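Some structures are shown below for you to check.
Both complexes shown next keep subunit A, but they swap its partner, so subunit B is in the first and subunit C is in the second.
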Partner chain A sequence: MRAFRAGVWLELQIIRSSPDTLIPFFTAPLFTIIFLMIVRNGGRHDLQPDALMAPVLMTLWWFALFHGGNLVTGDRWQGVLEWILAAPSSLATVILGRIASIMTIGLVGFFEVWAVGRLMFGVSIPFEHPLALALTLLVTVFAMAGTAVAFAALFVLTRNSYTFANSSSFPFYVLGGVFVPIALLPGWIQPVTKGVFMSWSSDLLRSSLKPAPIDNEWGRLGMVLLLGTLSFLLGRIVLFYVLRRMRTTGELATA
Partner chain B sequence: MQHAFRAGIADYRAIWTWRSWVLGWMVRVIAQVSFFGLIGLRVSDERAAFYLLIGNALAVAAQTGVFSLNMTSSERWAGTLPLLVASPTSPVVVFSSRGAYLAVDGALSALGALFIAGPAFGLDLPWPRVLAVIPLTGVVAIASYCFGTFLAGLVFRFREINSLVVLVGYVGLMTVCGVNVPLSYYPAALEWISRFLPLTNGLLAIRGVFEGAPWSTILGDVALEAAVAVGWMTAALLSFNRLASRGRLDGSLDYGA
Partner chain C sequence: MSAVEVHEIRRVFTPRKREPVTALESVSLTIPIGEVHGLLGPNGAGKTTLVKILSTVLLPTGGSARVLGHDVVDEAAAVRPQIGIVFGGERGLYWRLTGRQNLEYWGALYKLSRSEIKHRSAQLIERVGLSERADERVETYSRGMKQRLHLARGLIGDAKVLFLDEPTTGMDPLAAREFRALIGELRGEGRTILLATHDMAEAEALCDRVTLIDRGVILATESPRTLGRVISRFQRIDVEGADDGLLARIAALPGVSSVAPADVGVRIEVAEEGVTSDVLKLLVDSGVTSVRTSLPSLEEVYVQLIGDRGLQV
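Let's look at the complex of A and B:
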């Protein structure tokens, strides 16, 4: 637990000293404005709640992908990975603490988007099913953290992790149905989307904002949890083998 | 200039291979444009989807142009910035040439996205009129790159906010340059300001090509886009050296905030 807490504290310090980390909090209001302008210009005021949820998911995804995903690579570049591995605490626990810290901060995006919608367009998030909304956000953050661990492990294997992170934003916004439900995507792509936790999260988030009862709420929440857990386990396994290989070959500090 | 351009190409080849550019970057760009196309279909109809497709494809050219901001930051990370400032060649010449490949990349990416995602959504490409889109996209990419070079001068001494300025810069352009809604949707003041930004006028010209507007209107819009490009590059030339000298005076080129 001490290692986890140390990870949380370390990440808070890093974020504090690096304004670039908080980029999504600057782009989320802009995407909120863009999406709200599109739906209002199209006369579809009924889609305003969906337009507010999309930047929330995009913000969380950004934190998981660019910040969480680059944790181990960043440590390697700074030459501290050997020291962390030599310490008695588990690297995975420290990473989990750091990612939990990042993703919790990412939730601020929800309130930011809410405020922008309210102040600039007079649109609020309709809390039709507040408990379902809160639970969905919670399991989404968990799944994002699990995915960030997987990205952190996979990015270490790449020559330039930034190119992979940069290439994984919009494809996942499409596959995750961030704004457009996956039911509207071409039929051949829909089976793929079932394996992307964000497609379950985004559908559930949208359902929680509508007055109609939510169909199969617990089952859908369970799917987000399951897919997030699988990503986390995959990340742990890959990280274990990657670090073991690096220790064996002496590549910890070198490319 | 020639050496700086070659160094930029070498940088780019170190970052991307052909495979990662096609399977990574281009897939992302096509997904980005399709994302907005799908929103158009959900919100309204094919017409709305085409509007968003064209706007967001061109926004890719602007986005890549603004990436030229990263040049100064990477020089600083590499520790070569003080050496560049100390050399007899002006830093703005080096930075503007070194990042020039981004204008080419931006135009190619935007055209790739438009001509792949467009037909996938059923966008009609009127032949041979559509050929005019190629040079017009080039003008948008150059204008955005000039704007990026100007911003690079501003953040010269503030490495920590470099990525922030890049991201906010291009998403800001997507917000106010008529990419997703017509200019008439904005308040009058914002519409007026957007005419001084890269992308706005060039995008109007390209929409004109697709909508069958008279060539005189298209040429007028592209001339304005070119004027905007010249304006931002002039501003970059005037401000860059002064900002670099300030860093030399207070010794912040290497370690400044």
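Let's look at the complex of A and C:
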């Protein structure tokens, strides 16, 4: 637990000293405006809540992928990774603490998007099923954190992790149904989306904003949780083997 | 139980598309608890590789190593709380955080309680002389200050065994002297220290024993003084007032390796044990009284054993 807390604390200090980390909070309002303009000009005012949820998910995903995914690589380039490994705490737990810290901060995006919609367009997030909405957001954050651990482990193997992070963002937006619901995607691609936790999250988030009762709410929440847990476990395993490999090859430090 | 036991450690690096490089070849070494042990060698000798293996961050290709009885590969988790590591250079710190924040983070990684972290960080900051700058970002620190912070970080876990790799890199002479005094204090506290360095004076001043290592092979392990004696056959005799004829006779003696002009007078070097007394007898019998013998310094031992290869690694 101390390692987790150490990770949370470190990340808060880093974010405080590096405000550029919070760039997604500047882009979220812009995406909110773009998506709201599209649905309003298309005459689909019924899709305005969906247009608000998309930038929330994109902001969270940005934090998970670009910040969380680059944690181990960043530590390696700073020459810190070796010394963390030589310390008694588990690196995976420290990383999880750091990612949890980032993702929790990322939730601010939800309120930011809500405020932009309300102040600029007079559109509010309809809290039709507030408990389902809150639980889905929490479980989504957990799943993103788990996935970020997996990315953090994989990105350290690459020479330019930002390129990989960049190219991983849009496929997830599509496969995760972040703005365009999965049901509208070509039929052949839909089975693939079932393995992407974000497709379950985004559908459930949209359902929680509509007055109709949510179909299979707990089952869908369970799927997000399950896929997030699997990502985290996969991330831990990959991290273990990647670090073992680097201890073997002597590549923990970059110079 | 010894603090460090290294048994026939071998480490081969296999870079992509290049020939394998042997960094350590069958290295064996034992360091008793409480000893300050120097690991002396030129760049590329294998010092850092050995320190990294002992720190559990690098796996050996063969052989075994134990720190305080725990195997560094199979029992790495038991080794880690017992060791502290200090590396030279500017990397290994979060530059955007303050010195104190860095230290507190490392304290948390060593599983210290909140109060212990606060107390020990403050104590170490004071000890390494960073009190006035502790709450400024590391990116504003000079190289020497970063080095002091590295040292404080190595001590935050109250380690019983310390691995110091070129710890005075970047320190000004005054700071380096203070650092050496600190090593003396740490020795007094009963800690075992493995000091990898290529600074002869540092090794000679601090170490109970030194190991000379080159190209991954241990050349000798002795006290600095004994190492000097090991090659006492290379003893030097500085002479003033000897005429050319006498010097020619000395040069012809078996075991005399060189007779060459020195800053003052002439320096005679012998290459065999027992020859010194023959040379001295000849000098005294010839009426030369300005004679001085000296043992080689550790630096000279180093050059004799490793060879003067200039900048080549």
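Here is the rule we use: the second predicted complex is superposed on the first by the 254 of 255 C-alpha atoms of A that agree within 3 Å, B and C clash if a C-alpha of one lies under 4 Å from a C-alpha of the other, contacts with A are read in each partner's own complex, and residues count from 1 in each chain.
Just so we're on the same page, a contact is a pair of C-beta atoms (placed from the backbone, for glycine too) under 8 Å apart; a residue touches a chain by one contact, two chains touch by 3 or more.
Everything numeric here is computed off the predicted structure, so don't read it as measured data.
A.B. asks: Given the touch rule stated above, what does A:185 touch, subunit B (first), subunit C (second), both, or neither?
C.D. replies: In the superposition, A:185 touches subunit B alone.
A.B. asks: Return the chain, subunit B or subunit C, that is in touch with more residues of subunit A.
C.D. replies: Between subunit B and subunit C, the winner on subunit A residue contacts is B.
A.B. asks: Scan A:34 for contacts with subunit B and subunit C and give back first, second, both or neither.
C.D. replies: A:34 contacts subunit B only, not subunit C.
A.B. asks: I'd like to know which partner A:47 touches here: subunit B for first, subunit C for second, both or neither.
C.D. replies: First partner only, subunit B.
A.B. asks: Does the superposition put A:248 against subunit B (first), subunit C (second), both, or neither?
C.D. replies: Once the two structures are laid over each other on A, A:248 reaches subunit C alone.
A.B. asks: Once the structures are superposed on A, label A:82 by its partner contacts, choosing first (subunit B), second (subunit C), both or neither.
C.D. replies: second
A.B. asks: In the overlay, answer first, second, both or neither for which of subunit B and subunit C A:5 touches.
C.D. replies: Second partner only, subunit C.
A.B. asks: When the two structures are overlaid on chain A, which partner does A:134 contact: first (subunit B), second (subunit C), both, or neither?
C.D. replies: A:134: touches no partner chain.
A.B. asks: Once the structures are superposed on A, label A:164 by its partner contacts, choosing first (subunit B), second (subunit C), both or neither.
C.D. replies: A:164 contacts subunit B only, not subunit C.
A.B. asks: Taking the superposition as given, does A:18 touch the first partner, subunit B, the second, subunit C, both, or neither?
C.D. replies: In the superposed model, A:18 contacts both subunit B and subunit C.
A.B. asks: Considering only the contact definition stated at the top, list the common interface residues of subunit A for subunit B and subunit C.
C.D. replies: After superposing on chain A, subunit A residues 18 contact both subunit B and subunit C.
A.B. asks: Which of the residues in subunit C end up touching subunit A in this complex?
C.D. replies: It comes out as residues 13-14, 49, 52, 55-59, 77, 80-81, 83, 85, 87, 89, 91-97, 101, 104-106, 108-111, 137, 153, 157.
A.B. asks: For a test of understanding, state which residues of subunit A touch subunit B in their complex under the given definition.
C.D. replies: Listed in rising order, the residues are 18-20, 22-23, 26-27, 30-31, 33-35, 37-39, 41-44, 47, 160, 162-164, 166-171, 173-174, 178-181, 184-185.
A.B. asks: Considering only the defined contacts, which subunit B positions touch subunit A in the complex?
C.D. replies: Spelled out, the residues of subunit B in touch with subunit A are 14-16, 20, 24-25, 27-29, 31-32, 34-35, 38-44, 48, 52, 160-164, 167-168, 171-172, 174-175, 180-182, 185.
A.B. asks: Using the touch rule from the top, collect the residues of subunit A that touch subunit C in their complex.
C.D. replies: Residues 2-3, 5-6, 9-10, 13-14, 17-18, 78-80, 82-89, 94, 244, 247-250, 252-253, 255.
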